[in-house]
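Paired with chain B in one complex and with chain C in the other, chain A is shared by the two complexes that follow.
Right, the complex of A and B next:
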């Protein structure tokens, strides 16, 4: 990354962990906070934050989902004086971006959200009040690859990684106007920020054809078998690319990959080798943070054996 | 029309024994088209023969996306399949065919999943809301 794309305004950001990072994605929360500390970046958690509306509310009433998202953004701006909200969960990131898009482009949404804000006594959110970024954007633009590479204590060399971004980080394209803007920006068809950062940490990043493919997360309860087969296909693609690890940046995808890997073995009799680690855990290892501090023991996927074998633990 | 189970068998045979299939890249592309044909026929459409950017697969995807906004979600999978096939034509490496067959399998699982559970709601995290 060149200096033109580095940003000084990301040293301190409003942190929106979202519900998943307090539950199944706890290790992602822990490792994100740990690497922030190590890199000298400040995360200020949004006061009294609420659910972003996730999937369920969207399908019932998209405006309620928009309101749930902008309430967090309004608190960050008007009560905390922050300009940037960082959401590490793909679902939260996606919903905040979608709310920003709707409030910017739809008069009806602005009217409805104002009514809801008045009714609840919360500050009104106006388009552009804050910028929502993902954890990948944050490290990429606040630290950058060169700076990150200089801070690496234990290179990830010898570790073959398939980077799995999931669907919500890049789709639908129209809610991410900052992407696909040429050099230095993220691509919606072939995202590369996670590849760039892990490569800077010394890892061998493999060409992975399913980096934005569906993991079946939305229907893991209603159509579990399809979710298992989608995940198995992702795992087999990672194996075909000779990857030891699938790096993730979404708690839903991560837990889906972990759970359906086990289910595929139990129900379909197909065992796959790749282990799953959050990209923040991998960066943390490279920065010299202990596996326990990064919550690696909290993952369902057992990666410690591989990490020992590669000399990273 | 080729059924989903026939398509699945065909993709698996390419994945597991690519060296035994004549013109495996073309075969996978045809299977990709057959997957989208299933979707269009189920939605009472006549699958187009038109190509977009030189590929009927992309023409079929465009046709499907006009009916159903959430169909955009498999656009990248269609394009990735074509990309992998192009790489195969360039390198003539059967490992590329294995990857292309895994991409084709993902397209099958996603579309079949969408069709199987339409009554349950939208099979796509990043789709537009069903109520809009």
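Right, the complex of A and C next:
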């Protein structure tokens, strides 16, 4: 069943790290590149990329946000000759998908973006010029579980993991036409790609009901109390599932969980146990890469103690 | 008529009587609660159009009031007064005063996209929430929300350089909104961060605050973004003023 979903066109993909991966999410950047190298996959960074607008610019104007996304996609296609763009950040991934949806379905968007491209002397982005995928799709389809399991050096067995996907990876469903397409495809209500991969790496994946709950990331600083409350929900649910680790696949979610775990402790006096690790860091450990090379020291959430205790370091 | 769902009625429109006798019939107690009748006269007939002119509000007219948005809403689960379906209803009816009662909480939408995910009419209610809060500010009903400050800081940086630098965003945001940077939880977080960082990386991050990350040849993009925003603002101004004149 695994082989049915494998693809051989993902050996080399255009890589769109985005701003967060050069800032708070640098450990995600580092671990993504490190496992790519280990797995023999080629990441070619998009030339002179710009910010995708995150969750903010669309509130100033949705077409500006689309412009920011398609500029990157057009460079990947027309200047670099790439067909697939891989974005590890949920925000970037979401925005590129949203732009693809809008240029495909909205005449008005196409017109506005064409005008802007002409004015700036950039090639116009046409629907389907590139395919945008997430880092999870990339490992799932380029390597697959069976292949991954064969390459595992230190099994993650004994590590209980709750997989947290957040909002932007699955919602709203209409910008992800490839999801919910039956066996082998990702689900928007119960995403499982991260579960599949970490299970293949030997981890004990817990049944986690808040996989796609919101961490309040959009208001992580502008409405701290709400964010702390939402994050605390997620942390306590993971704890109730007896998870040691919450695996993440988004720099905003990841740092939101880290920050508000501390804030919940400081302002509400509620301490929670689970530590946060990027799924790329967990896969890296399984593949035998050292914690330092995966940037595990750089996480705010301190996980080395646990990893040592589980014999993974 | 007895009122069983008092929570649905504005408290000031409820009339209660300890003892009440109507035409020699004693209706004291449970039977003596009434809803004040009222007629609404202060419609803003242009309200839906105004809101649809703000970013995210374009599809508000499609709503058929199924309630799926409110049902799925992350913030509604914390605060039952946060009610996207109801606000869309008021906006479409032109009931501006009624809408203003919730003006302090509308901006709190966390953009989780649950509503847009389930909406059967492609209203994109998440966008409508953003449009509503920008509209509130543009009409002078509320000061800029924290979230709006954040959006603007973000947008400014992208406009200038094509990229953002998170440290700068945080500092400028705290400055704009007058919040202290020395809150205990922030300090602890930064301490945790510094403890783990290799010296070289700290050095690199320090450099990025001096030499801001930039997209090369950005000026044309900057220009065309500014042009679009100016055009949009003009359109909005016309719609808002057109209303005020009538």
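One rule holds in what follows: the second predicted complex is superposed on the first by the 312 of 313 C-alpha atoms of A that agree within 3 Å, B and C clash if a C-alpha of one lies under 4 Å from a C-alpha of the other, contacts with A are read in each partner's own complex, and residues count from 1 in each chain.
Just so we're on the same page, a contact is a pair of C-beta atoms (placed from the backbone, for glycine too) under 8 Å apart; a residue touches a chain by one contact, two chains touch by 3 or more.
Predicted model, so just to flag it, every value in this text is computed and none were measured.
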{"item": "Three-chain arrangement built on chain A, chain B and chain C clash or fit", "value": "clash"}
{"item": "First (chain B), second (chain C), both or neither touched by A:34", "value": "neither"}
{"item": "Partner chain(s) touched by A:167 [first = chain B, second = chain C, both, neither]", "value": "both"}
{"item": "First (chain B), second (chain C), both or neither touched by A:24", "value": "second"}
{"item": "Greater residue coverage of chain A in the superposed arrangement, chain B or chain C", "value": "C"}
{"item": "Chain B versus chain C as contact partner of A:226, first or second or both or neither", "value": "both"}
{"item": "Touched partner set for A:240, first chain B, second chain C, both or neither", "value": "first"}
{"item": "Partner chain(s) touched by A:214 [first = chain B, second = chain C, both, neither]", "value": "both"}
{"item": "First, second, both or neither for A:101, with chain B first and chain C second", "value": "neither"}
{"item": "Which superposed partner A:91 touches (first chain B, second chain C, both, neither)", "value": "first"}
{"item": "Touched partner set for A:58, first chain B, second chain C, both or neither", "value": "both"}
{"item": "Chain B clash site on chain C (candidates 20-28, 38-46 or 110-118)", "value": "110-118"}
{"item": "Overlap of the chain B and chain C footprints on chain A, listed as residue numbers", "value": "55, 58-62, 167-168, 171-172, 213-214, 216-219, 222-223, 226, 229-230"}
{"item": "Contact footprint of chain B on chain A as seen in their complex", "value": "55, 58-62, 65, 91, 94, 166-168, 171-172, 189, 209-210, 212-214, 216-219, 222-223, 226, 229-230, 233-234, 236-237, 240-241, 252"}
{"item": "Residue ranges of chain A in contact with chain C within the complex", "value": "19-20, 22-24, 26, 48-51, 53-64, 67-68, 71, 112, 115-116, 119-121, 167-168, 170-174, 188, 213-214, 216-219, 221-223, 226-227, 229-230, 258-259, 262-263, 265-267, 297-302"}
{"item": "Contact set on chain C toward chain A in their complex", "value": "55-56, 74-75, 78, 108, 110-114, 116-117, 122, 124, 127, 130, 134, 145-152, 154-155, 158, 162-167, 170, 173-174, 177, 184-185, 188-189, 192-193, 196-198, 201, 205, 208, 213, 215-218, 220-221, 223-225, 227-229, 232"}
{"item": "Complex contact set, residues of chain B against chain A", "value": "72-73, 76-77, 79-80, 83-84, 95, 98-100, 102-103, 105-106, 109-110, 112-113, 116-117, 120-132"}
